[in-house]
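Here subunit A shows up in two complexes: once beside subunit B, once beside subunit C.
Moving on to the complex of A and B:
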């Protein structure tokens, strides 16, 4: 196939698709974020300058949503890294049926978010849920308890996405040359010393990439939280955004909020990437 | 300082047998070289002594103590591998400090600094101390990995082809340095190589391994002049020993169309005559031979000769004028001829 044919067949459709579905809405919503447009009425949009941003950033309820989101991100990503990396450490050795075991462990990640949400709703159910039965908690209301609900959602998220961290960690761990461990054994390094001095520094960059992906995703989390609980304490920023846009029909305002979220995610990612480069250099 | 002993060691990996009933004795302070081809079991032997592998059968002793069940860390050995095994992302200094900072037996910061400085000086890597290991050349990396081995004083130094990834010049230089180092430290070294020149030039004693069996152990001189069988005769020396199947008839060695004087050997028995290239003589009276090829090596010439169907190689002084195509008379030094039994390949001197 000629270069021209490749361009016409693959590259141009991709670019058109990107422009129509990504770039155009992005710019269009940026425009809306400076107006008082409401998609539910026919009233024309009035330019209001930075008013939407000012209102949002001084709204204590929005900050509450951000705080909830931050708490969720920290709990969920930390959990995924601990569980995922731990399981990867366990799998990183010669064991029978390793391939099969790894594939099975990856299953949660391949399920639909909505399905996982429904699964866990049943698992958490105070009347017939398996979790209460297994832990002997009686009729504990996981998802109705305002303090517990957010953690319950995070646990479901950890269950679903630890395999992702595990997969990347496993790739990183198996890339550590075996002779380094042998050299360390000869140098009489203890297991813990070897882990912190050899394993962790060598796996850190790829683990960092896993953390970046998971943080971005957790920050934007919507499906799980929406399906599992509807508490004020579980209203992460995406849910607030959804309600603002499609229940309250504050289109202009919600566009501004979307931009604030976008800038925050970009900022966090940037910090990570700077750190990643530092880790790589070392 | 330690004495190493392997007693009846067999090691199998699944169905593959890496070592069969290997017994080996390495005296305290000795530079012992294990020589063998790829897959002969050299590295396995070394890893068994290091404690990275456990023998399937047999026992390993260090200083008379049975260490068969011990792990690598407890055995107190140092290991230098072909692939350097430097810890990535660390500087040379951090690499050298690593064995000293191990929590099993930590040293004081002052002692660590003193030891690292001394090793860096010995190996002439002082200017590299603060460099990252991935910014080093092959020779520098190998020096650092040797440094990491000698920075603490282990009982035994084990080296697995540490020089084979280096270029020829550097290899020669490091060969001499390693030998010096061993003499200065007075420690037990076990050095594994497939390079017979390394083995001959460095070893106090050489062990020749073939397919997991220790064929011969001796000083380089013994191995060279008195190989136990045709395998060792071929493995050691460059060019290798000339081996000619034939028999003795009336005080003459007869191999194909070649007839040369040989006294005192049993007549009629099928033999293999072994003669080193430097013990062949060209010119004068002797068996008629034709020169096929002449390689000039500066200090000597290696001449390939055709005698009947036999190809022989002789080393002669560069001053000898000889060109391909010449017809020459071939003689030998009968006292240097090694006789091997044709059926078993064993040297008659070793009771074959």
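Moving on to the complex of A and C:
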């Protein structure tokens, strides 16, 4: 076989597979987003133009879902960056059994989010939960309290994903040339000065990858929030979308909402991949 | 870091190590707790204050795999003595194992979900890694017009929110009868992992010197032989790491499984939380199911430890 034939044989099936199972379904739902189709009935779909989009964008409840999602993203990603980067700074020294320690610290992010949600539910339980006991909070309702529930979910998310930020930060920190620190020490630069002028700028590109990736994932969050709580105050956009599509069976409307979410995710993806390629070129 | 010198540095170093150990404890505590609960007798699982020291039992695992019903009255001594050891543990907890008319032990819903998870995760991993490897080779070794755009397209399919993809897929699967089938889930997970596998494998194959194949080609190998006999063996570590990542992703996946399956092809992630449902859940059984489900992932994490950074950054950061 010629090289050209092999190249095509190796690449085309993957592209076709992804088009058939990712792009084609999206075109299919784009079509439905302009109709009043409901998958629970046999009634034919009527073309309604941009009505679904108009309804959604002027619906105060949908905006509330987006606000909740934004709050969740900010709390959870900020927490992950502080904890993850902080632990990476602490770990960035000679410690016995460092490899083993790091692997153990990374364990949470490898687990299933659904199952993590389940066992945090157990830890948060007001009657027998270990968290209330450890913090001496009595029968505090973490998940039934409408104001607290979103933060409770974010805490579980921070537990799970800080290791990811830590992993990437460690890579960034270990790439900072040692002689820069030695030079700073000779100049008697303060710890703070060294951190802001040497450490942070050099770690920044990798840290940005971690932040953008986690932002995107937190924006899409479904499993953890869906399993932990069912408060109106924890209804992030993916849960709203799921309920609209598979419980209320507003198929046409949910396809329109899916498109609004999709455009937002693609915008973040675009930034993310640009950063990935930037780091790769170094 | 430079060798520790002054007293201030010694103290700072010790404080940092202590802080790391405290954080390690907080990180592992929830995992320890679910593991401990999996070995507790039922009456100690939900006590306040929580029970830390107890005699470990195997009964949660027996209960995990069998269908049981509440005992109205304790079994007669004869029945109890005739029962095998594992059935006794169920009797001790005030329940009995449900048997069919012919005396066969009826299984709970767990084993079939676990098996479904294995089938779906393994098959989709094999497909995603084999397709991903050859595609990565294609991108790595040949000129492809608009290569960056294609790679961007491939990775962007990975970033799609599962619920967004699930809506049209659900309708299409319903039309062709793929809802609640293994094949349906396998296709979804293969698509999801394929983009990841292409990106990660491209990094690994880029690292294999082109000269190896060139030498083989000069020696009369065809391009295909060079790929199979030179490149694949060189890429073995990369293939293994990619496969483990794909397996873990498919194994852990929840949203697609929740939407696309309900019984026949249901995997463990939607099943395990559904046990909490109504009434008083037996947390020891749920913990036992969780423990068995998390165990393979924990083992794989240790095997993967040197590739985690690479995998989590889609091959972009190699260290």
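We adopt the following convention: the second predicted complex is superposed on the first by the 254 of 282 C-alpha atoms of A that agree within 3 Å, B and C clash if a C-alpha of one lies under 4 Å from a C-alpha of the other, contacts with A are read in each partner's own complex, and residues count from 1 in each chain.
Criterion: contacts are C-beta pairs under 8 Å (C-beta built on N, C-alpha and C of every residue); 3 or more make two chains touch, one makes a residue touch a chain.
Predicted, not measured: the structure shown is a model, and the values here were computed from it.
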Partner chain(s) touched by A:179 [first = subunit B, second = subunit C, both, neither]: first
Which of subunit B and subunit C A:189 touches, first, second, both or neither: first
Which superposed partner A:250 touches (first subunit B, second subunit C, both, neither): neither
Touching partner for A:69 - first (subunit B), second (subunit C), both, neither: neither
First (subunit B), second (subunit C), both or neither touched by A:115: second
First (subunit B), second (subunit C), both or neither touched by A:22: second
Comparison of subunit B and subunit C by subunit A residues contacted: C
Subunit B versus subunit C as contact partner of A:201, first or second or both or neither: first
Touched partner set for A:169, first subunit B, second subunit C, both or neither: neither
Partner chain(s) touched by A:220 [first = subunit B, second = subunit C, both, neither]: second
Subunit B and subunit C footprints on subunit A, overlapping residues: 182
Complex contact set, residues of subunit A against subunit B: 177, 179-180, 182-190, 192-193, 197-198, 201-202, 282
Footprint of subunit A on subunit B - complex, ascending: 50-52, 71-73, 76-79, 81, 83, 85, 87-89, 98-99, 101-105, 148
Subunit C-facing residues of subunit A, complex: 1, 3-4, 6-7, 9-11, 13-15, 17-18, 21-23, 25-26, 28-29, 32, 39, 87, 90-95, 99, 101-123, 125, 127-128, 130, 133, 159, 163-164, 167-168, 170-171, 174, 178, 181-182, 206, 209, 216, 220, 222-223, 227, 238, 241-242, 245-246, 251, 254-255, 258, 261-262, 265-266, 268-270, 272-273, 276-277, 279-280
Residues on subunit C engaged by subunit A in the complex (per definition of touch): 1-2, 4, 13, 16-17, 19-20, 23-24, 26-31, 33-34, 37, 45-50, 131-132, 134-135, 137-139, 142, 144, 148, 150, 152-157, 159-172, 174, 187-188, 190-191, 194-195, 198, 222-224, 227, 248, 251-255, 259, 269-270, 272-273, 276, 283, 286-287, 290, 293-294, 297-298, 300-302, 305, 308-309, 312-314, 316-317, 319
